[in-house]
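In what follows, structures are represented as structure tokens.
There are two complexes below, and they share chain A, which is joined by chain B in the first and by chain C in the second.
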Partner chain A sequence: MPESLLRAVGIHKSFAGVHALKGVDLTIMPGEIHCLAGENGCGKSTLIKIISGVYQPDAGVLEFNGKSLQKITPIDAILLGIQVIYQDFSVFPNLTVMENLALNSELSEKHKLVSWKRMRSIAQDAVTRINFDIDLDSIVGTLSVAQKQMVAISRALMFNARLIIMDEPTTALTRREVDALFRVILQLKAQGISILFVSHKLNEVFEISERFTIFRNGELVRTGQTSELDSAKFTYYMTGREFSEQKFIPGEIGKEPLLEVRNLTMRGAFEDVSFALRAGEIVGVTGLLDSGRSELALALFGIRKADSGAILVKGKGAAIRSPRDAVRHKIGLVPEDRLTEGLFLPQSIADNLIIAEIDRLAGRAGVFDREKRAREIERLVKEFAIATPDPQNAGQTLSGGNQQRVVLAKWLACNLDVLVLNGPTVGVDIGSKHDIHGILRDLARQGMGILIISDDLPEVIENCSRVLVLKAGKIVTEMDADHADEQRILAHMM
Partner chain B sequence: MSGNVKASSLRGILAGRNAHIWRLVLVMVGWMAFMALTKYEKFYTLINFQTMASQFPEFGLMALGVMLCMITGGIDLSPVGVANLTAILMAFLLKALVGPEGGLPGYAIPLVFLLGALTGCLLGALNGLLVSKVRIPPILATLGMSELLAGVAIVLTNGNAVSKLPVDYALTINSRIGGLIPVQLVIFSVMAMLIWFLLSRTTYGTKIYLLGTNARAAQYSGLNNGRLLVKTYMLSGACAALGGLIMLANYNSARANYGGVYVLQCVLIVVLGGVSPTGGRGRISGVVLAIFLLRMLETGINRFPQISSYYISLIWGGVLLLVMVLDYLTNRGTRPGHGKSKAPGASAA
Partner chain C sequence: MNKGLKKLTKRNEPYIFLVVLALALLIQFRSGQFFTGNNLVDIASAMVVPGLFAVGTFMVILSGGIDVSFPALASLTSYATTKMLLDAGYTGGIWLPILISLSLGAALGAFNGYFIGFLGLPALIVTLGTSSVFKGVMQGALNSVQLATIPPGMQAFGTSSLFVASNPLSGLTSRMPVAFLVFASVLLVSFLILRYTFLGRGIYAIGGNEVSAHRAGFNTRRTKFLLYVFVGMMASLAGLIRTCMMQQNHPTNMLGMEMNIIAGVVLGGTAITGGTGSLTGCMLGTLLIVIVENSMILIGIPTIWKSVFVGALIIIGTGVSAWQVFRANRVAKVRFFRKEVPTI
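Moving on, here comes the complex of A and B:
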């Protein structure tokens, strides 16, 4: 058996009484692509920070390249060849690509005067290592997420990296960009660099990694060859629960559409989009990041205006110019970014729950009916099983799944007919994801019309009765759930 | 002094939910104890407290308005401009209403207050529209408005004071109800109660706290952000206008440049009172305490003839920084990062 590059044995770490890591092990071989998976709060981030010297472990042994590491600092870790690419990439957005790449070596070699020529050659070397084609003089802040990531990877390679840790690198990437990233990862592997790829996306784990390690609640659940893994096992290891994957079978579907969209066009986003949504249906809209799917959601909710076309609610033309118009027509939106668009994090769970229906809880001149308000809060907390000891606690004390349930509850309190969900389970752990899907199916059976906009294909296929595929702003096909599978949808999307 | 003993026995309360309020109370009690030990007979008199109660409402009202704007995540730097312009306009009106014998008709003072408050609402609505519709950052919109209003006031008066007002006005506002409670205090109390009610008992209050926390989420929740902002700046304008009417009585004249220090003082009071400059957090009780504290410090210092009044700024600034440092120290111990476990609006409801 070859010598391992990184070996962590029995790592413990506690924060103020919370046992974040309870004796976990992790072994990474030279030139290996290793995937570390687990739900939010399972301890993956803590372990990364221990490996990179940000935290000190309470107990356990850490060996890198055969040497035992005791009390390392982040600088020591970098000198050893450990590089972490965080989700925010830690780049300087106001500087050029060249400056970002050359800055570290300029500083570490203590050059007092700037030599643009020297900096340019350093930067050029860095980008050619991964065949990254970029104008070195462009400002990093203007680059796409994928390009920023490539800048961060190029920079990481400048320090003779032996191990590159990527913390959920695909979160904000389009499918094409993910493919490009994977090609770079394979190139790095060919150069003998090990990659620790942190992700909770099943398909990525299968696609790129050779071996995997899964954590749950600070403990090692399973480590092994990816080829031995399948999706049911993966889910079980992650959550400790087994889920039967069942397709959604709609109940009674209404005859007349609740919501109809005719030739809706927003220049630069989507054009000539037409579809109908009936009571009891769950319709999926899927497409790449730039397909116009998010803009369509915003247009239906009145946040952005369509240039032409019509939106009909129950057969009548509806002018939806603001979210308030949409709510008046009984349309709600669960937005894409829960944290900035859906929730008031520091405010109470109670206020987060009632804000959309707030005017119904007040009498004349907007004075609260305090009893009614308290009853409504109690009802919503109970009905949506929001796990909190006290609804007066701040929204940010909730987990991702509970937060998403608060956003759902906020709208369902308003007795809507149509609910549009843009990425309903992004960043939600598998258990809560399952629960949220259950809520949506129940709502559809109770006669709501639900539109799920998502690029999570298994989610769309499992939950929707029909799937519309958007490509470059146009609906390219519509399939029944019975005929939809990932390969077919992907073929239309790309 | 007894401050240390108190601090240790009250540690539990000081780290709790109303921590900021209790810290202000502690500083105030400390100052009152200091005054009791050093200048008891000069400070603890009825007339002294009555004087203070007639002085603080003019800037106290302005601070209440600034507080509302800050809760929405904005700020109002125009209260003094609004106050002075309102005072000048109402001074003209009073002079026009004066009868041949030099007396005022019975309806004059209610009319002045009504029209004054409406003027404030109107000017505040302009601020609100600039902020919500034209989307000028509040700090710039209201600063610009402040300069503009000061300019209008100077043009209207040629920079002179409007004086020789009918005496009835100043006499009425400076009188004491039942010989005890200054009218200025009554006006302030009514407004403070109204704002307390709006913040804690109405949907408006909840909405502006949420708007100040996250304007985008407010829009996505179907709130009418524009209308909420216009309402808030109108209320702030009305508060400032009432402050101006009290200044008109206290100085028995109106002028374009009265009360220049009040603008920044109001901002500091509001921050000292625990209102977050980034919006969404803060309670009226804290702001009212901060108003009292400022007045007591200033009056207290004036009881020491050997200390120049120039020291007031120094001490006031010191207190402000002291409370901020105390906040920092206690927050560091009890709450990691910015995360508060209890929602700030929780106890208001």
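Moving on, here comes the complex of A and C:
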């Protein structure tokens, strides 16, 4: 067996009494693409921080390149050749690509004075290594997410990196950008660099990694060759639960459409979009990141205005010019980015739950009825199984899946007819994802019309009774769930 | 449009320059007095103190912070310096007063810097607090009153001039103070720090993303601390120069200047959220405020309307910036739909 690049054995770490890592092991070979998976809170971020020197382990052995690592700092880790590409890429949006690339190495060499010429040559070398074609003088804030990521990768490579840790690198990328990223990862592998790829997206794990390690609740569940893995096992190792994948079978579908869209057009986003949504139906809208799907969601909820076309609610024309209008017509939106658009993170879970129905909680003379509020919060927390010791805690204390339940619960408290969900399970772990799908199916059976806008194809195929495919702003096809499969949808999307 | 020109239209400086030019032409047209030697020298001379304040404020805002304590800091240090030297019967040159002011300024700046840099407290709250403390120390502990005379060395510095410009029409003359050289050197030093040292690039980096700056290896706490020390020194220098130029020390008449200075810096295109801006823009913005403050009288606008004018200018100026951001976003959207994918 060849010598390993990184070997972690029996790593323990506790924070204020919470045992985050309970003796986990991880071995990475030189030039290997290794996937680390697990649900939120399973300890994978903690382990990354230990490897990169941010935290010190309480117990355990850590070896890199045959040498034992003890009490290392982040700078030590970088000098050893360990680089972490964080989800936010740690770039400076206000500076040029050149400065972003050169600053780290200039600082690590302890230069006090700036030589713009030297910085340019460092930056030029960095981008050439992965054939990244970019204007070094452009401001990073104006780049796309994928380009920012390439800046971060080029920067990481400058320190003779031996191991690059990528923390959920594909979260905000389009399919094409993911392909481009994977090509770069394979190039790095060819140069003998090991990649630790942190992800909980099943298809990506299968596509790119050779070996995998799965954590659950701070313990190592399984490690091995990816070729031995299949999706059922993967899900089981991650969650400890078995899910039967069943397609959604709708209950009774209403005759008249709850929501009808006719020739809706928003210049630069989508055009001539028409469809109808009936009670009890779950309709999926899918397309690439730039297909206009998100704009469609925003137009249905009155955040952005369509240029022409009509929205009909229960057969009558509805002027939806603001979210308030949408709510009055009993339409709710679960937005794409729940952290900034769907929740008040620093405020309490309780307040987040009742915000949409706050008008109804007023007692006499418009004064807030505290008892009614308390009863409502108790009901919602119980009904949606929101895992929190105290609803007065801030929204940001919840995991992704629980946060999304709060967003859902908030709308369902308002007795809506139509719920539009944009990327309902982005960044949500498998267990919660399954639960959220279950909630949506129940709601549809109770007579709600649900529109799921998503590029997660298995999600769309499993849960929707019909699928609309958007491409460059136009609906290119409509399929029944029975006839939809990933290959067919992809063929229309691209 | 060629690439360089296109880049220029995205920046704030050309716009603010055009506004300054338009205002100058308007004043010239109405009064015939703007482009005269003495008026230009008057404006340059009036730029010295606000200009020094603006350089410090600019650097603080660039780092994502804010400082509202500099007028109080300048008042306290200039009063303490003048009073101390008067009591000691000091008759020497300007160097000792400058040295004393700079040390006092550095000490008070370090006070701000300690709380903001090392303890990580919000800059606005800290400087609001220290502003009050500085004022209190000056008025309470030092029992400040107006000082009608200042030491002879300071007096001489205040009246010495590089050259004198006269206006043949009105017969008025204006002196270009030596202090203008001090201002020019500070400007040069600040430019060099910001552009050619990693301390300066660190200020930009912290303003852009403090967490990333820390991860990249900048000593963010020390950078912020040094920044406030530097700003304290700039402010105390400005306070001393103002005392010299006015030939007296009035302990309260600088208080309240902070809003116009901050406005000038922001008008010049410095993002209030930090990270972007240039010294050129900052100086143009300050120049605009100075011209409005000094030259409105030339076009027959009564001085009582001055503050309305300054206010309107600030709103319009920020409006232009906001519009530019909006336009930039729109451009980004259009580009987005053309599906530009990085070629790798």
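Note that in this section the second predicted complex is superposed on the first by the 477 of 494 C-alpha atoms of A that agree within 3 Å, B and C clash if a C-alpha of one lies under 4 Å from a C-alpha of the other, contacts with A are read in each partner's own complex, and residues count from 1 in each chain.
Assume contacts are C-beta pairs under 8 Å (C-beta built on N, C-alpha and C of every residue); 3 or more make two chains touch, one makes a residue touch a chain.
Since the model is a prediction, treat every value here as computed from it, not as a measurement.
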item	value
Partner chain in contact with A:D133 - chain B first, chain C second, else both or neither	second
Which superposed partner A:S108 touches (first chain B, second chain C, both, neither)	second
First, second, both or neither for A:S227, with chain B first and chain C second	neither
First, second, both or neither for A:R176, with chain B first and chain C second	second
Chain B versus chain C as contact partner of A:S68, first or second or both or neither	neither
Contacts of A:Q487 with chain B and chain C, given as first, second, both or neither	neither
Residue numbers on chain A that touch chain C, as the complex places them	74-75, 86, 88, 90-95, 99, 103-104, 106-108, 111-114, 130-134, 142, 144, 146-147, 150, 176-177, 180, 183-184, 268-269, 290
Chain B-facing residues of chain A, complex	16, 301, 303, 322-324, 326-327, 333, 335, 340-351, 355-356, 358-359, 361-362, 365-368, 370, 392-397, 410
Of all residues in chain C, those that touch chain A in their complex	195-201, 204-205, 207-209, 211-213, 215-218, 271, 274-276, 328, 332-334, 336-337, 339-344
In the complex with chain A, residue positions of chain B that touch it	201-204, 206-207, 209-210, 213-214, 216-224, 280-281, 336, 338-346, 349
